[in-house]
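Which chain is which? They are A, B, C and D, in the order written, and residues in each are numbered from 1.
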Amino acid sequence: MNILNGKPIVVNVNGLKIGRGNPPVIIAGPCAVESRDQIIEIAKILKQIGVDMIRGGAFKPRTNPYTFQGLGVKALEFLKEASELTNLPVVTEVMDIKDIDVVYEYADVMQVGSRNMYNYSLLKELGKRDKPILLKRGMSSTVKEWALAAEYIAIGGNSQIILCERGIRTYNDFTRNTLDLAAVPFMQKLTGLPVIVDPSHATGVRELIKPMAKAAIACNADGVMIEVHPNVEKALSDKEQSLTPAQFEEIVLEIERIS
Amino acid sequence: MNILNGKPIVVNVNGLKIGRGNPPVIIAGPCAVESRDQIIEIAKILKQIGVDMIRGGAFKPRTNPYTFQGLGVKALEFLKEASELTNLPVVTEVMDIKDIDVVYEYADVMQVGSRNMYNYSLLKELGKRDKPILLKRGMSSTVKEWALAAEYIAIGGNSQIILCERGIRTYNDFTRNTLDLAAVPFMQKLTGLPVIVDPSHATGVRELIKPMAKAAIACNADGVMIEVHPNVEKALSDKEQSLTPAQFEEIVLEIERIS
Amino acid sequence: MNILNGKPIVVNVNGLKIGRGNPPVIIAGPCAVESRDQIIEIAKILKQIGVDMIRGGAFKPRTNPYTFQGLGVKALEFLKEASELTNLPVVTEVMDIKDIDVVYEYADVMQVGSRNMYNYSLLKELGKRDKPILLKRGMSSTVKEWALAAEYIAIGGNSQIILCERGIRTYNDFTRNTLDLAAVPFMQKLTGLPVIVDPSHATGVRELIKPMAKAAIACNADGVMIEVHPNVEKALSDKEQSLTPAQFEEIVLEIERIS
Amino acid sequence: MNILNGKPIVVNVNGLKIGRGNPPVIIAGPCAVESRDQIIEIAKILKQIGVDMIRGGAFKPRTNPYTFQGLGVKALEFLKEASELTNLPVVTEVMDIKDIDVVYEYADVMQVGSRNMYNYSLLKELGKRDKPILLKRGMSSTVKEWALAAEYIAIGGNSQIILCERGIRTYNDFTRNTLDLAAVPFMQKLTGLPVIVDPSHATGVRELIKPMAKAAIACNADGVMIEVHPNVEKALSDKEQSLTPAQFEEIVLEIERIS
């Protein structure tokens, strides 16, 4: 760790500051962008609730090759439109070096998903760009591997990195993953980077998202990222872990009280 | 789950109420009772800081047979004396059916440690007693196995059970165990029992105890149990995860603010 | 590890030698003794197939308190009768210090199950007896913890210990546990004790038992322990992982070819 | 699983047949190609010992960005030369879509490493090529995820896939990973593909490689892949798990006896 050596780094997303000393950011949105109407509708609702950034998948890394893989560039266009209407910055995943240019054009923050945390070619390439990166923890990565993945990005010159704890794979079967909150203060100190928490993927269970979001904020996470869908029952992916806007609003209120 | 079926159960420890609707309890004390002076000194300090109950090991289940195994009955006497001086109830572990009678005599709450969560003979025997039981989660138990271990106790007639999440065994190597906070709201709902959290054993790392204690309270745990030693450098066991009274006091203040 | 320090130990069960230099032992029998007829029938069949020892549970540590818990002392009597009819030694589990005397009376080898590997009170007590102990690995124990559990027995004076690898708990969901065969040569060298393998509990899947039994023998395990039931469809426990006598006989033939 | 549905598939590498009914293949070579001399020397030795294919890393996915990352295309040229001198086919890893063309030119089998098992963009691209793929299991992938990763390749038209079990991440600390041999027969049946085993990465411990290689063959693996270095003490990566040619030759002899 030559570059990310613990000296605090504040990430700046179009003026929104994330990291040490700044209030926690709230990022929300659907798992996948499913249509222009869907993303614009939810963006407006989220704006009203008071989120800081919207998320939505354009390129979806799906375990099963026969399931919905995202709308691709079309989704990026819809996200951009939603972003301009609401003035909320957008975070979306980039899965492939060949897509970096187009994602860079439309997104404010480029996300590296759990499945790509060890994709060092992709990380190195992203290190050469001047937009912030959201780096999710690999599904069974150690904290050291995760820090070194961030270092791969930083080596290229880009230290604007937000780490995202999203649960690790364990023998547990009542949640999709096991949220490892101790990694939040640990990684903040080790790397100096902001660390946010994704309780939606960490638990995969609707009613556990609120308590885990509150726990994340209480242990000083720099933000949370939560899946919200305007019409949960019709979600094309991650249905069981998506919240309705009303459920999500409750969480935002509780988070504000804690922080 | 015929008995512990989700209907809320409030545990009553000499008038101290634990569980739904009651403020979180704070339990603290050294890993092991090491001498009369040690436990009395720390009990007085903890009383002043405002804890609700003291803990201390008399019979210690140690992985290595050549390490300190606890002072046994002598320790129980010291605990009792400390308890009477401070008016704080005492929780201590019982490892063996043959020790139940003597632990029952001295303790206010009898603890079943992680290593004994599957010791069904012990659980059944404890179910026949009329003092509250603190049941730690097995180091790799599923939530279902944990709930059924509690049911083993309840079948005997004793439903005064406090569950304690203390981290699970994963591939993680920066903490001793991985704290599984999602188990807190899950087990509260499934069993109806109060669930407390032990951030000391969960992390095994001094500086991670405070953030995890705060996270526990934020997700609505019914209490925390924390290792505190009057003279950390001389602790005979669990030195790396024991807090000084001053470090612990900070946690108590933060917990009060959150809850 | 003062006592079990790597010097080879051969365990002697009524003249049957287990460990370094001796051919692998084959232990088989039903999960639980369900009736006199059942255990006598299967013992005779197993004798003919050529097993070295029979197994059968009298006291069953069941996760669910509402399921069949074993026939207790009655089962021990049936096992003894089956043993005398076939001249095969018997291994059966002891769960509780208070049952040691009665199990000692009927069994040739006393088994400590996975759930009791950390039950140090039980281990110490068994160390004072002069019959061999079969010590199963705890479901998530490290090799060091397992070795130290054996040391707890040996300290009492009894080094006639057979270790049994039975799979560890991981995120895997296609098998009940994950068979950790590397632990076989590792523990043989570390402790000097014989190490056998239980592919039935390790996999929990009928068709995976044969390949794993063969793999165990190929990496020099000192034996295998396999669940066989005379009437698989009517088994009261572990039905999915019990073999018919015919399926089992195939395994014995293959094992003989490899070893 | 529409394509890889259990119907046996034999993979053909320049006439060498891998899979159901064919004798197990032995693949060996250094972790990384370090120089022209090193790879040619070891290739000649391995040829004499009787291996079927050589391996060697040109592009190395290293956790730490500051360690040796492989010689790249230079290494591919050396591998090709070694291959032509010995008439042994070559397997080497491709980490990045942009390198597929060059790896395709030099290699006989293109390897997807554990860190890229979820790299669906890469898998899809490889599915369009007409050379066999060696697909390592992700370090914590389920068997289903692994099978679906293979399906991602097959969808493109390339079903010439060799699966490679290389251990999974668990709490175990005496080996680098935990070899999951039950996955061998399971995946053979589920997908129809040949499954080989890499005991070097699975254990990371020199003396455990031989017993695990033997176990793999005994449970019917379609081959093994083992790290061998002509000068172990000078290896630039994976030193602790590399075998000397003499140690490796012993394994080959034992494998031949078992199979």
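Simple rule for what comes next: contacts are C-beta pairs under 8 Å (C-beta built on N, C-alpha and C of every residue); 3 or more make two chains touch, one makes a residue touch a chain.
Going by UniProt, the chains are A, B, C, D = 3-deoxy-D-arabinoheptulosonate-7-phosphate synthase.
Since we're looking at a predicted model, the values are computed, not measured.
Participant: Do the two copies subunit A and subunit D share over half of their interface residue numbers, or under half; same or different?
Facilitator: same
Participant: If you take the mean of the Cα atoms for each chain, which one ends up farthest from subunit D?
Facilitator: Measuring from the centre of subunit D, the most distant chain centre belongs to B.
Participant: At what distance in angstrom does the C-alpha mean of subunit D lie from that of subunit C?
Facilitator: The separation of the two C-alpha centroids amounts to 35 Å.
Participant: How many angstrom lie between the centres of subunit A and subunit C, each centre taken as the mean Cα position?
Facilitator: 48
Participant: For subunit A and subunit D, let me know how many angstrom lie between their CA-based centres, rounded off.
Facilitator: Comparing mean C-alpha positions, subunit D is 34 Å from subunit A.
Participant: Which positions in subunit D are in touch with at least two other chains?
Facilitator: Correct list: 140, 144, 169-171, 173.
Participant: Can you list the subunit A residues touching subunit B in their complex?
Facilitator: Interface residues on subunit A, with respect to subunit B: 140, 142-144, 168, 170-175, 178-186, 189, 202-203, 205, 207-208, 211-212, 214-220, 258.
Participant: Per the contact definition, I'd like the list of subunit B residues that touch subunit D in the complex.
Facilitator: 140, 169-171, 173
Participant: Okay, in this complex, where on subunit D does subunit A touch?
Facilitator: 2, 61-66, 95-98, 115-116, 118-121, 139-140, 144-145, 148, 151-152, 155, 169
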